[in-house]
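Multiple structures are listed underneath, in C-alpha cells.
In the two assemblies presented below, chain A is common to both, partnered first by chain B and then by chain C.
Right, the complex of A and B next:
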C-alpha cells in the first residue's frame, strides 16, 4: 500500500510537524503584538537568546534517541562556557585555537560519558548525574567567579546580523557588496545554528553509526542480533552530545562576553533541554525523533518566554504558565492513544 | 552433499551448572537444507547461538571452512557469512523496511547512506520474496507479523549468506508466503548455501530438509538423511520414549436435549473490519476450536472477549450476564472469571525478568492477600501448587522466568491463570514454538480442565491439534465463522476446505 511521499512523511513525523506549526503560529503572533515586530533587531535579539538552549537541546537528543537521558548537558555547557571565557582573546589564531579547544573539551567530556555508559555498564541517567556534578566542579575551578575576557569584535560580529559580521571583519566591501544584500539582515546566530545542524547532524543521521543509534533506541536486542556496532554508536552519540553542548557553551561565552559556573543555570538548561526534545517530537522511549525537532522545541520554549516580556504579566507567574503550556503541548502526543482500538498497542 | 562449512568439535556449553550442550560434534554442508529437531531445552538454540556468535562455547572448537574460528559477537559471525534469523524478530521497528534490509552495509555515496539506492535494493529483494506489496519506505512497526518475517527473509538474502539459519522463521507466515520461502530455500540450496532449518512443524521439516539431526538433552543423538526414518521413529528419538496416544480421548458427544446453557454466548460480534459478525457458543466441559488460516479474526475474537479491544459491537453473554468486559482486569474478576493465554508469551504472557513465583501469582494477588498485604504463606502455597499441577521443571521459583525453556515458560503462563480458577479459558495458540512432550501435556491438561467443567476456547494454527483436541471447531474466514464442525465431522480435509472458504462437496 503506497502512499504519497508527503502523506507518509506527515504520518511518520506528526510530532515534528505539530511543533513546527506551533512555532510558526506562536512566533507570528508574537511579532504582531510586538511594537517593533517583524524587524531585524527583534529577530537578532530573539536568535541570540535561543541559540544556547537550541544547541543543548540538540545535545540532549542523542542520548534520548538511544533511550536514555543525559543529565550533564547543562553542566557541560557551563564548563565549556567557562573555558571559552578564558580562551577567546588575543590574535585571531589564538581565538580560533581557543574555540577548537573549547569544542574539543566538550567532545572529550561526552566521550568520557560514553565510555562510562558503555564499558562501565551504567545507565546513562545515573552516570551523567555524576559526571554532570564533576563538570560543574571543573567549571568552578576554571572560573571561581563570574567574568571573563572575550574578544569584543568577535562578540559583536557573531551576535548581530550578517551585515555587522562583514563590517566588523571588513569582508565583502564591509558588508556593502551587492551579493550580500539579500542575506544582510539574517542574524548570524541562526546561521551558526543552521550550519551545525547541516554540517554535523544531517551527515551523522545518514551514517551507519547514526542509524545504529536509532536502531538501539528502537530495539536494542534486534540491533545486537543484527551485528550492528552498538558500543561504537553509543560512544559516538555521547561524544557528539558533548560537542553540541560545547557549541552552546561557546556561544554563551561569545554572547555574554563572560563565563559563569552557575549551578542553577546548568540545571535549568538540562531540564529545558529535555522539554525541548519532547516538544520537538522525539520519543523518550528512544528510536524516534531528530535533533532538528529539538531545535524547534527549544525555539518554542523561548518564544513562550518572550511573550512575558511584551505582555504585562507578573514575572512570578512565568514558571507556572510555562509548565502548563509544556503540559498541554506534550499532551498532543498522547491524543493518538485515544484513537487506539486495540489496547495492547498502547504498550508497544 | 560436499564439503562441511561449519564443523563443531566436542563443543560444550553450560549455564549456571545446567548443561545446554555436551560434547557435541556436528557439521553442516554446502548445498544442503539441514533440519534440526528436538524438544525445547534440547540444545537447539544454544547450538545455533554459538554458530551465530551470540554465545561462546565453554569447551571444544568450531571450524569454518576447515579453519578454527572464535566469534566475538554476532557482528563477527555475520561478517564471516553466517546469517541467523532468530525466533524473536531481529528487525528494528522504528526504522523503515529499506533501512532494515540494508542495515549493516547500506549502499553509500560520498560516505553517506544513499537512500535512493537503498530503496531500489529493498525493492529488488522484496520482489525476490514476492512481497512487492510492501512499501520500502513504510516503518517496520506498521507491518503485520507475517510481513515482518518476509522482510526479515529479504534482509537475510541481501547479506549474501554462506550459512543461513532459520529459527522458527516461518511460524507466522501465510501459506502463500510459505511456498515462496520454500522456493527460495531450494534456490539457495542450488547456489551452495548451507541452510539450517529449525521448526516445530514436522511437516515443514519433512518437505524441506534433506538431512535431519535430532538433539536431546544437550546431546547430538543422530543425523540421518530424509526418508530413512519414519515419523514415529523420529519422535521416539526426540523424546527418548515411545509416544502412545498423542491426544487424550474425547468424551462422547451428548445429545442436544441433554446439553445445558452455554456459559459463553457470542452473537454478531463486530470490531473495526476484522470481526464481521461472529456467532459462537461454548458450554461447560467443552473445548471449542477456532480454525482457519492465520489472521482471520481468531486473535481479535479472543482479545475482544478479554476486554482488550475498544469499540466492539454485538451481544456477549458470559455466565448469564450480558456485556463485554471493559478490560482484562474486569475480565478476570469474579463476575466473568475469564482467563487468556495470549499470543505472545514473551511480551504479553510473562514478565520475563521477574521471578517465576511472581509470574505465577501475578493474576491472583486478590486471592492471596489480606487487606493490602500479600500473605506470604498463601503465596508460597499457590506458587508451589501451580508448579506441581503443571509439572514445571525449574531450579527455584526465585529464578527469573526467562531462565526456563519455552515449554516451561508457557506452563507458567497457564498456571498463572489456573490460579484464579477461571470458568472460561481462552487459549491463543498455546503450543506455538513448544516441544512435542510439553504439547502433549498441554493437550492432556486441556481435557482435564474441560472434564472439570471449564469452558475452553482454543485457537490453533495446527489442524492436527484442532482435530485431536476439540469437541467442536468454528472455522474463521475474513472475520466470520464460515463453518462449524462437530465431533467426527472434524477432519483435516474439511478444515482445510473451510479455511480456504471452498465447499468440497459442491466442488
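Right, the complex of A and C next:
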C-alpha cells in the first residue's frame, strides 16, 4: 500500500521528478569538476546566484497554473529592487519596515494585476505586458540612476553561510555555539528560499483558494460550475505572484546593495522565469505543477551556465550551447507524451 | 562531549577567521609601473599595490552583454592578446564567459572564479554599483579585479578606461577648428547622442557642450538620440536634416557610418564631422575628405581589454598601479588616415578600428583580430 502511494506520486509528478534527477546529476558533476567542489564557498556562491531567479520563477508559476503567463514578473522584481535600495538602511527597525514595505509594494502590484485580469477581463499575457511597462516606469522614477544605500552588514550576513550571519550579528556566541555547528555551513539564501516555500507556498497550495487555482487551470468551466471562488483565486494568485517577485527584488537589492532599473535585466528575468517554470515540470496549459518545481527549474537553468566557467568553451558559442542544453532539458519533461495510452490525453 | 564540541567549533571558527583576515591591495604613493601606458586618471589618483606572486597566472574575463560588434571584437581581442608573445608565458589559464545583462549571474561568475583560485578577473560591469560583495571577497582572497569600459563607482579596485569627457572636448575642439577655417563663428550643430542614462553618453555630451559654450560663438546645438547604433543614428539624422535643413557641423557619439550615410542620402552638403572609430566612417572620410567631409575619429577601443589584462599582470607582479588608469585617446583625423594602417578597406564597416596602443606594447592589428579562430580559449 505504501509503495503504491509512492508510485502514484511519481506518476503524478513525473516532470518534477525528472527535473529533480536532472538537477542532482548536473550539480553533482559540476562539483566533481570544480577545483573547490563540495565546499561551502561554492555552495554559497551558487545559492546567491540562484535565489533571485528562483523567487521570480515561483512568482511566474501561479499565473501559469491558471493557464496564463505573467510578463510583468521581471519588471516587478526590478521595481521592488529599486524600492528596497532606497529603504534598506538605518536602524534595524527601519530596515525591517523597509523590507515589509518592499514586499507589500510587490503584493500590491500583483493585486492590481489580478484585478485588471479578473474585472477588466483582459488576457493575463496582455494585461501584464502593459503593467510590466508601468512597473519599469515606476522603477525608473524611484531610481533614475543605478545605486543605493543598503545596509552593509545586512548584505554580508544574508549572502553568506549561517556562521557569517551569526558572526555579523553576534548571535550564538558569534556563530561558535556548538549547537550551530551542524548548520553553520548552510548558505543563508537557501534557508530564505526554503522558508518562503514552506511558509507561503505550501499553506497556499493546501488552502481552498490554492486548490481552486489548480482547478481553474485544469478546467475553468468545471471549476465555475462546482461553485469554486474563481475570482478570489485568480486575484490571490496574482497577488502572491507579486509578493514572490518582490522577494526576488528584495534579495537582489540585498545581494548587490543597490538598485538598478535595468530594462534588459527585467526582460531576461521574465523569459528565464518561464523557462524555469517549464523545466520544473509545470504545464504551460495550466493546472499541473508547483512552485517547488520552479525552484528546481531555476536551479537547473543556473547550473547549466555554471559549467561555462569550469569547462573550456568558446565564449561566442556559449549562448548557442546553453540554448541547446535547455532545449534538451525541456524535452525531458515531454517524455510523458511517449507513454500516453489515449491520444486525447495529449490535450490535457 | 559538549566540551569537545565546543573546542572543535572554536578551533574551526579560529581557522575561518584567520582565513578571512582582510588582505587586498595596499595604498601606496606613486609613481606606478610603466606610466607611459598606465597613466593615472588625475593627480589625485591613488596607487594600489598587491603582494608580488610567482607566475604564470590564471586570468578570467567576465563579460556582461554580448551581441554587438564591439563586444564580439573585444572578446576576440582578449583571445588574440592572450596569445601575444609579450604575455603568453605569463598566463597559465585564460577563460572568457559572457553572462548577459543579469547582475547576479555576473557577480556569481566573478565569485566562482575567485573560488576557483584565479589570480585576476577582468570585467565589464553590467551596473556601476552592487559589486561590494565581490570586491570584499576578491580582497580577502588576494584576487586582482579589473573593471574596464563600464567602470564602477568605487575607488577600491583598479580600473581601466578612456576619458570620455576629454573625448567629447577633443571632438568639439576639432569641429571648432574646422569651422574657423571656413570662417564660421556661429551656426547650427547636430549632436547625435548615445544610450540615454549612461555615464559615457553623459560625459561625452558634457565635453562637447563645455567646449562650444566656452568658444564664445553663437552655436545652436540640436540633439538627437542615436543609441550608438548605425541604424538608429541614420534614421534620427535623416529626420533632423528633414526638419532643420542644414547643419554646419556634426558631432556623433556612435553609429557614425549611419550618420554620414544619412547625410549623403539627403544630399546634405558634406560638413566637418566628429565621430567614433568605426571602419566604415573612416573609409568614408578617407574617400570624401576632399569634398568637405573633414572628419576626426576617436574611439572607445575594444582593445581596452588587452590593456586591462596587461595591467592585471603588472599588478600581480607586485608593481604599484594607479587605481584609475586613463588610456590615451586613440585619435585620427582626415589628414592621418591611411588604408591598411588605421582603417581597412577590406574589413567590414562595423569593425572598430582602434586596437593598437603603442605605448603599452599592445599591437594587435585589425586583420589579426578578425583572423582569430573561434576554436579554443586555452
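Simple rule for what comes next: the second predicted complex is superposed on the first by the 337 of 348 C-alpha atoms of A that agree within 3 Å, B and C clash if a C-alpha of one lies under 4 Å from a C-alpha of the other, contacts with A are read in each partner's own complex, and residues count from 1 in each chain.
The rule is short, and it goes like this: a contact is a pair of C-beta atoms (placed from the backbone, for glycine too) under 8 Å apart; a residue touches a chain by one contact, two chains touch by 3 or more.
All values reported here derive from a predicted model rather than from experimental measurement.
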item: Partner chain(s) touched by A:206 [first = chain B, second = chain C, both, neither]; value: first
item: Contacts of A:215 with chain B and chain C, given as first, second, both or neither; value: first
item: Chain B versus chain C as contact partner of A:10, first or second or both or neither; value: neither
item: Which partner, chain B or chain C, touches more chain A residues; value: C
item: Partner chain in contact with A:198 - chain B first, chain C second, else both or neither; value: neither
item: Touching partner for A:226 - first (chain B), second (chain C), both, neither; value: first
item: Touching partner for A:141 - first (chain B), second (chain C), both, neither; value: neither
item: Chain B versus chain C as contact partner of A:271, first or second or both or neither; value: neither
item: List of chain A residues in touch with chain B within their complex; value: 1-3, 5, 8, 12, 203, 206-208, 211, 214-215, 217-219, 221-229, 287-288, 340-344, 348
item: Chain C-touching residues of chain A, taken from the complex the two chains share; value: 34-36, 39, 41-42, 45-46, 48-49, 51-53, 144-148, 152, 155-156, 159, 163, 174-178, 180-181, 184, 252, 255-258, 260, 262, 264-265, 268-269, 302, 305-306, 308-310, 312-319
item: Chain B residues within the chain A interface of the complex; value: 52-54, 73-79, 84, 86, 88-95, 99, 103-104, 106, 111-113, 115, 133, 135, 137-139, 141, 271-272, 303, 308-311, 327, 348
item: Contact set on chain C toward chain A in their complex; value: 2, 5-6, 8-10, 12-13, 16, 60-61, 63, 65-66, 72, 75, 95-105, 107-109, 111-113, 115-117, 126-133, 136, 153, 197, 374-378
